[in-house]
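Pasting in a structure now, in structure tokens, and then I'll have a few things to ask.
For clarity, chains are labelled A, B, C and D in written order, and residue numbers in each chain start from 1.
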């Protein structure tokens, strides 16, 4: 979890800038013998990629992934596994940037956009690649999604069909969905990854208005992992909820993370909050509520793991804003270019990817320490 | 950030159980030549220690810290520095447990307390030290506070008088303080670390009621670091806000963390949320709002760093609760013993400590990479 | 492997100075359910401890170890396991220093002893605890030996009775033992851990001469692990031989490490060096030679792992040596005090401990990645 | 230092197989503002690349490096720095494989080559990319050399013109060079990186004989860093010599590493071995000998850092060797294909690269902790 590497046994190192030739990720520590080819990863990338509706940036990127290492196939492996498999060595994934518009960047070169990392990168590094935000661009999340697809494969290898990870948009601007109408199937039928069809219909008009006004709006997302067995996580500073918080907070524009009841837990009494345990016919405990969000003492309880996080509104808006230039003088800036009116939408596949990476890492760590 | 170690260049490794002979922390990577003696650490420990009011656990622990390594003094150092200084080698701090009541633990040995880590530790490890919660006890946070005191010393060494880290309780149960009455001086005049005197007066009655009912209640805390220069933090997976989220979420009973505007940012427009920048006479940017909480793109902006986090109500309550025993049979449990009616209160010095540790680590990492 | 922490999944963090109140180690990541009590560790410590013959330092240290955390026993565990077991949480081990002579340290305070770390610690840190060498003292290796005892327990837990780790002194000064007379049983019958009884007899006179002359002499040691299964190690920068080299080179006074044929391999032809493989009745390959030292491509082959390392002569000698003082002026120094005429002797249990730590770590990492 | 990542603050993660589409390295933690373009890296790669004489493998690889991220230039940076500079974000370097011969690999697919990693990779991972040795191929060292070129740039940025890192071949088979004739200028005038012109002339005939016989031979190399200031290194498990040993032992085919006097130190007396210190006119200590190899207590002393390491003879030889096949049956193998008769030769630039990486990492770590 330092610099550009995330994870301990299942580790990803991402690299690349928004307008450089390419971006990518190196995944280290993947178990061997897992079927993997580019198409497994492409499906997830396609869910994140820009330009899929009028509600996301119109930048056109194929986001085609190349696997450069770490998988192998010959006729014998083909016969046994049905295609290429991981070899246990680093998996290098490459995604070319293809739609970097050649344009005049002097505006963002000379001025710090409010709400962006322009000023802080400049303060830290002195030099920065300002084109499209450089390394601070949300484009980096493509690499996470690619790694997440591999992480899902790892989970499926360890627990075939066992773990399901899904995220959804549960609030746009001040408008929360009605959880009574939650339907995962609906989620993929609208451009917002919204599980409440009625809310999704409302968001269409709502976001059109925001978009046409050249403004932007925030969102709240929820990500859920079902089927995680009890026992994953590592106290005290490798807690599962801690690593989930770390993973989600590392996503661009995220300003808050909560697990289970989250901030609302503060207002509950001990009686209300502690999830009582009942017996079940099969085995294992039967928790009748999940205020804990599936994690107690930093270790999974076997209940669904539930996290929510807040994404701030895109800072790139068409209204001129007060700022200073690199020489420290007062000026104004107006961010033109292709941007997301609600950047939270595309964070849905990114959140799933990050949760998958955290879980794959903890699954291997748990197996390492306990053999389970 | 793995298992029981936190940090990268300034690293702490904590150990110890609630009812073992002692607990402690080893701090590695501390710069040399910093004045440090036990009394520097004791002051912070005293703020966290139990038994200081009727609103916290009545366990009596002196929480006296011993420095076992990593500092040195002789007459020459005494003359130059005025006392013992750090040598750059690991600082081992030890705190003896003295008030472990000898009692019958069979109840928590055989039954899983709802809302506790009993079940998950059992699922992970098979064996567990159930006395007082063992490793999952909030008693471990004494070690964090000790390390945090050293971290503050490091920050003061790097930026003399520069960085101020303070936390406060801003909500108890459903009752938020009135931020208009925020007064840091008031914070230390009540047993709740509450900066709003009027709210503190209300909390006294309120928490007495909770306490007498054998119940418990949650809280929200805010922790602020002023004076952090622009440039600390390391994209993409060593973001300052990410590491703060990780640090705060690792504290016992924490269920949510937010930075700056946090979850409320979701409801804002891009115009409202992005903090405009003005010029100042001295130098540096003049941000007129701080929705970002002092961090942009994972790097500090020079504004105050502001984080909030939610602490769930103590699960140890006097009301019997449904649960199962270790054999899987239905039963009930009632947690007797000395507990905090609002465990959030004592999280105040812990939050300060964790933020200090994160900042000391990032200060050294930033200096390592950039020389600044 | 950074600063004062060694290992990845099985991690040890050591602390303490030669003349401070105590030294110790925190072991993190140990599997749960392993029988462990102080006496298991004490046996190894007793082999390393000073004052056991006239050939080692006459400092008198009981080197009694206390386990402060990470193990637990109650009547039920007692009945099932026969005593305390590890819980999977950090194991903190403490060893008090008891024989720090109060004396005048002004000589080593003011002058840099040639061949010691005095000058380099001063150059790095500015302040240093010079009493007995402070952190750079070989006394730190007691903590390694304690951790090594736990590591052996881990290996025995994973592969009951499977792995045997033994070291021996194979050269003292210019005098190599005769490998034809190698007898492990002899090793523990002389004060040199020498497996060749005849050489041991010679060393007795030889080292007496060195000792009486106030001089010192180097040594070469060999450490062997038998029973390590094929498959441990992790290319490219977590190679098993790399981590063994790192572990052994980190021991005080070690100047060289080799695996298998080692430096002699340079003079071999490819035909001679590559160990041919034959079949065996049971299963697995039958290597008829072991130039590889049990490691190929950084991964164990199932053959015995064989490493050798060179220990320089103690720099603390009774002959006056030219040096400079802390002000940079020319002077002389003569190191009085209790020292080892051949510090390599006591490195024998340290080497076993370090190899055990490396193997325990790799065993867990291998299990984490592959499930084997 | 785990899996495929090396370093702590200056970190490299390498990936790629011998016969995959490409290999590469991601460098994280590089300071910003350092002039860097592909040609800076290419020069070092060209020294390592195959096919440069009849004494190395005849595989033809251009080894052209592409910089995919982490550097930036615009007209302003061009004017200030003269070309692209590092931005402080990850530097991704890519080298395409171009000369993977399409051929029948069934021999090495089915049989384990003695002295190779074939058997151990199979034991660990179950599946392996056997083409050209896959991940265990020395081709991976191209990525190290590329990273090493960046590391040199970092050192030069920190200490302009200060640190010189050079390696040389000092023994081939049983034939050591005559150190009296050491001339660094000669080193680059022969295909062996040999600083003794006379020995180089001898090696030409000698290695021709080995090559024509289809045999191979080992070598000893020495790598020296001059100009390293006193103070780099971090006790106890981040010792500079420990990390150098780790770095060199991680190079393919290396079986031993020594620092300064190394194994010969075992035969010395304390009087002979400890380097006396004299005063100098300028400042700093004047060591008149360097048995320590520039490192005391794991920290640099300001003297030249001197390490030597042994490279075993290539296991790929034209003589048939006994082995077993993957089914465990006895068979023979004869390794055809393009191989190095003395693989040690091409390890020269690799050793320089690894030492540069270790030093760059420690320079940044030292600056982080001490500000120096």
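As a convention for this text, a contact is a pair of C-beta atoms (placed from the backbone, for glycine too) under 8 Å apart; a residue touches a chain by one contact, two chains touch by 3 or more.
Please read these numbers as outputs of a predicted model, since none were measured by experiment.
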item	value
Starting at chain B, fewest touch steps before arriving at chain C	1
Chain A onto chain B, rotation angle from CA fit, given as a multiple of 5 degrees	180
Centroid spacing, where centroids are CA-atom means, of chain C and chain D in whole angstrom	27
CA centroid of chain A to CA centroid of chain D, Å	38
Whole-Å gap separating chain A and chain C, where each centre is the average of the chain's CA atoms	45
Shared-contact residues (touching 2 or more other chains) in chain A	3-5, 14, 29, 32, 88-89, 124-126, 135, 235, 370
Residues of chain B defined as touching chain C within the complex	3-5, 11, 13-17, 20-24, 26, 28-29, 32-33, 66, 68-70, 72, 74, 76-77, 85-92, 94, 105, 109, 124-129, 134-135
Chain C to chain D touching residues, read off their complex	1-6, 8, 14, 112-117, 119-121, 123-126, 135-136, 140, 171-174, 210, 215-220, 229-239, 241-246, 248-250, 252, 255-279, 283, 285, 291-293, 295-302, 310-317, 319, 321-324, 328-330, 344, 365-366, 370
Chain D residues touching chain B - in the complex, by the definition given at the top	9, 29-32, 88-89, 235, 364-365, 367-371
